[in-house]
Amino acid sequence: MTVREFQYQTGDEVRTVLVEAQGDQFVVRIGDNVLHLSARLAANGRLDLELDGRRLRAYIARSDARRYVSLAGNTWTLQPPDPRRLRRHEANDGGSLTATMPGRVLDVLVAAGDQVQKGDTLVLLEAMKMELRIQAPAAGQVARVLCAAGEVVERGQLLVELAKP
Amino acid sequence: MTVREFQYQTGDEVRTVLVEAQGDQFVVRIGDNVLHLSARLAANGRLDLELDGRRLRAYIARSDARRYVSLAGNTWTLQPPDPRRLRRHEANDGGSLTATMPGRVLDVLVAAGDQVQKGDTLVLLEAMKMELRIQAPAAGQVARVLCAAGEVVERGQLLVELAKP
Amino acid sequence: MFSKLLIANRGEIAVRIIRACQEMGIATVAIYSDADADSLHVALADAAARIGPPPPAESYLAADKIIQVALDHGCEAIHPGYGFLSENATFADAVAASGLTFVGPSAAAMRSLGSKTAARSLMQAAGVPVVPGYQASQDAADLAAAADAVGYPLLVKATAGGGGKGMRSVHARTELLPALESARREAMNAFGDDRIYLEKQIERPHHIEFQVFGDHFGHAVHLFERECSVQRRHQKIVEETPSPLLDGGLRRRMGEAAVEAVKAAGYTNAGTLEFLVDAQRNFYFLEMNTRLQVEHPITELVTGVDLVKLQLRVAAGEPLPFVQADLRQRGHAIECRIYAEDPANQFLPAIGKVLLAVEPVGPGVRVDAGVTTGDEVTLHYDPMLAKLIVLGENRPDAIGKMRWALSHYVVLGDVITNIPFLNDVLAHPRFVSGDTTTDFVDRDLAGWQPAAGAAPDLALAAAAIADLLAAPAAAGEKSVTDGDRFSPWNRAGAFRLGGQ
Amino acid sequence: MFSKLLIANRGEIAVRIIRACQEMGIATVAIYSDADADSLHVALADAAARIGPPPPAESYLAADKIIQVALDHGCEAIHPGYGFLSENATFADAVAASGLTFVGPSAAAMRSLGSKTAARSLMQAAGVPVVPGYQASQDAADLAAAADAVGYPLLVKATAGGGGKGMRSVHARTELLPALESARREAMNAFGDDRIYLEKQIERPHHIEFQVFGDHFGHAVHLFERECSVQRRHQKIVEETPSPLLDGGLRRRMGEAAVEAVKAAGYTNAGTLEFLVDAQRNFYFLEMNTRLQVEHPITELVTGVDLVKLQLRVAAGEPLPFVQADLRQRGHAIECRIYAEDPANQFLPAIGKVLLAVEPVGPGVRVDAGVTTGDEVTLHYDPMLAKLIVLGENRPDAIGKMRWALSHYVVLGDVITNIPFLNDVLAHPRFVSGDTTTDFVDRDLAGWQPAAGAAPDLALAAAAIADLLAAPAAAGEKSVTDGDRFSPWNRAGAFRLGGQ
């Protein structure tokens, strides 16, 4: 029987999933867990599952890089197991300020070298007619400014780097 | 510009459709009729069209051989332009009795050579718990019986051939 | 309340019951025949059990197997839906005997009211007018003599019947015997009971029914009427409430008669009394359906009562949560039954795969669907795909909403539907004026043909554009100019089949 | 009635209005910005015109352009929806001046009641209690002095405001000036009007509003209340009716006050009076919204009145088809606003493509969606995807139905939604007991995190099976046995990215 292997990152973990298929019956191994499932893909991304006599309806969507799973009212995004991605996330230490929502930079109120106090507003963001202040989490010096007024930034994008005082 | 040609049979006619595409703009020629359309394929088989400032929503489905189009509450099935198919339809003259619904043959009440009167029941069909009598449209002699009790028949399938008296 | 329930049915009504259970926190067990393994009711349930091969007698009518599945899964109750075993008193007895609750009336009430003939006797005794008929014997000679006495035209009907099955209209004595034979065979096949009876055909009646409900504490109410006069092959296809025919007085008299009958019989759970109403507004009891009706949603929409949840609550021993005075009709509801059938060909059933189903969505529009995109309509069962139901502020508003909804209901595939026909019914002057009698479809829509005809150029253009978008010119494909249109290159379209 | 109408809006409300028009046989013209060319409201309309680039000021607020499009298309009326130009009296004047009908109140009524500050004065004059506040001057020093007099905590609010935009909560004098500045900027951006006023913060109030309707013949009614206390960032996310707080007496007094105010102002068409109700059941007028509210569907479901159609009828000069005594509440309706936002991250908006949206379907479930499968949620507009609305027989039934519906609402893609949060709101003991005040979300759901966490094995298994079914082993692929599982052959899965 053919065994296929897939890897997904969920949270900080990379999980390896082995699947054996025989018709609509599947044996899935994840670590020590062995699941015997029957499954059938219906219209509209619905995957009908049966596990130990219990029927479940999952919905699956896929983009190039990600898988999205809905099951029993919950939703998970599975990432490709890209080690660079993991590192970049880890690099977000307390000294860097990232955009907490996607939006347009309304104003940058500091420049590299500026001394700031805790709570000082560094950047003003705007999205969907809502304004958001990016504030200094602690006193320190601005090491780098990585955005400019008018720029559109993504959620999680680095805006300002603070040097610890 | 690329021109693509498609042929569809609708009713008894075969129509040739020429399409030129440029982005989401299309020039469609059918006989002398030239349509300038913009079109965009949305989710779920929906095709959003704009023709002379009027927006329309079509839905399209496809099987291997056929196209199904829904437009403004009406539905059409487009056949492939198969000449054999056309001939077979024409062969359905008054002397042949075809299944008017798909179903199971419950009983065949005549055999080849039998003389029948107008209104005699020749075959009993059943589908979805409903019974249907296939009756002789006129007096005559049974030339051939082409079905047997228990057989599942398609709509339009020839069941009995009558020789004109 | 029950913690787990088996649904002894399929299609939209199984889906409807499963959804009500999910909202109430009741686990569901579906059953299915081999023809239905991939169908919606199976996908939605918490568990599902195969019962047998497609023929109903071996699957959805296999009472013992179904009860065993319910016991094996730890169910506490069985909901029979409509059709199949829903009016089978023997089944109700067997369910009770196995320690489970049958969601419906008692077997005794079912026998006295569910049998068409027993119900007629009971109503006559209670002073409710019934349609003249004959039910004393099954003997062909007795029936022939009785038919002469009742007079033609008359109807042959199955004692255990419903949904027009085992029913035949007989216009002359010569048609009687073949009609008896054919009705008996169909009745045996559909209900496992081949008894029949005769009923006089009332001239051009309205078919109007009353929803009733009784609990185990002696309370009973009606939830007003449903006008069901739009029928083909003796089966309802469009229902509405309120009825355009009834006035307040007639409504009250019919409703009171219905409640009296239910109380006299000690009837519990949901039931429906069907009446014929003639041109002089005389009403005649026709029969009682001792189960949920297909058309129950229109009553739900105008009364605000969820009849399926109420069935479950009453079956679990709860009292009715209202009295008659609490109930009132608000707005106007219409249901159209979306069938896989060909209205241009005697409404004969159609089969095939539903390649795409897009149900209309909007305020006041409800779709109870059993079949959707990707599902196969097979030979084996009733060809209803879905019920399209609307609630409007008043009758014209509801008609407008239904026409909108029908025009936005897309079903594509080899399966033919009655949607264009239904749209023409809704647009018909007799329907618009509220003047439909049971012969409406046969008289006023005889020879109906779809307006659509051959595909217009715009439909062809849409198909061609979709084909082009589905298979754009391959990277290596040679670009051709307009002048080259007959070059073999641009004949590589996705839909190039056959020659000219 | 109008034969053609332009909808000066986008998203679900544009879709809602288009559908009402379709049912009534009114042709529709949609407008869109470049960000919305492919959106649902554009697809559904009979015609659509591009107005400009995405920023609202250049598109959905571009009054002159919009009126010109309406004239060019031969429209007779403009429906403004909610937000954007809906409460802009200058726009209403311009529409009227161009010979078109504005579907809403007169510009005069809008000025006197729609301005938060003018409405407060009018209500005070009519004897309706208002929340203590200050609106006499825009000068910072005056405002600071007034703030001290009103007392902290207080709210800075935009005179032209709505939807929580341009609103700031101020707890101490030091916060006042930054709050004024920021509120002004947001108000200017959202409404083109940077005037603000101050209002005392009532301690832990219920937010309860009354739907009113007036016609051009001096008739006015209310359509009962909506309880809107579940808010985040001063914006409603869950609404219901009836309010669990009101009893018959308070409901009548508030309703009568609302109708009196409307009659005094000669107000026509749909409007909403918002009140705060404190723990002692004192009610204070807060502001009037001179337009359709986002949450209008719950009123439609319990009253049976289609408010959009009624807006169109009244705007076309028809009288109200009912009087106050005809109206009553039946059942219990709840609305949840489905937002693209992250409840675990200050409810900040999320963007991205909706790869798959599956809306729940069932009796009593209504989804007014503006975004569906394939649509892109962009930066430019309010991140509401849809309104999920249910009608139950009573409050517990409606809560059960809403929880069912939320659990069956699937939205997949990079866009984060508040669906799991809403489900936790509905399950919260304070919500279940009907005891929600406007601080409920901030107090009782602070620090909310989704229960989901890392994907469970079953979700991973589902993803892997779907991946396998999407790309089954190629014909030429070597079959490998279990023991070979790490051979490079079976690493050719569709989702093999990166190493370990």
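Just so it is clear, A, B, C and D label the chains in written order, and each chain counts residues from 1 on its own.
Methods note: contacts are C-beta pairs under 8 Å (C-beta built on N, C-alpha and C of every residue); 3 or more make two chains touch, one makes a residue touch a chain.
None of these values were measured; they are calculated from a predicted model.
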I need the common contact partners of chain A and chain B, sorted by label. C, D
Suppose you hop from chain B to any chain it touches, then on again the same way; how many hops at least until you reach chain C? 1
For the interfaces A-D and B-D, which has the higher count of C-beta pairs in contact? A-D
CA centroids of chain A and chain D: separation to the nearest Å works out as 28
Report the inter-centroid distance (CA atoms only) between chain C and chain D in whole Å. 38
Averaged-CA centre spacing for the pair chain C and chain A, given as whole angstrom: 48
At least two partner chains per residue is the criterion; list those residues in chain D. none
Junction residues of chain A, two or more chains touched: 44, 46
Using the touch definition from the top, list the residues of chain D that touch chain C in their complex. 16, 19-20, 22-25, 297, 300, 304-306, 309, 330-331, 359, 361-364, 366-369, 391, 393, 397, 400-401, 404
Can you tell me which positions in chain C touch chain A when the two form their complex? 38, 42-48, 372-374
Within the complex, chain A is touched by chain D residues 56, 165, 182, 185-186, 189-190, 233, 342, 345-346, 348-351, 353, 355-356, 358, 379-383, 406-408, 410-414, 417, 419-420, 423, 450-470, 472-473, 477, 479-482, 484-486, 490-491, 493-500
Chain A residues touching chain D in their complex are 1-8, 10-11, 13-21, 26, 28, 30, 33, 35, 37, 39, 41, 44-47, 49, 51, 56, 58-63, 65-78, 80-83, 100-104, 126-133, 152, 155
Chain D touches which residues of chain B in the complex? 40, 42-44, 46, 48, 50, 53-55, 57
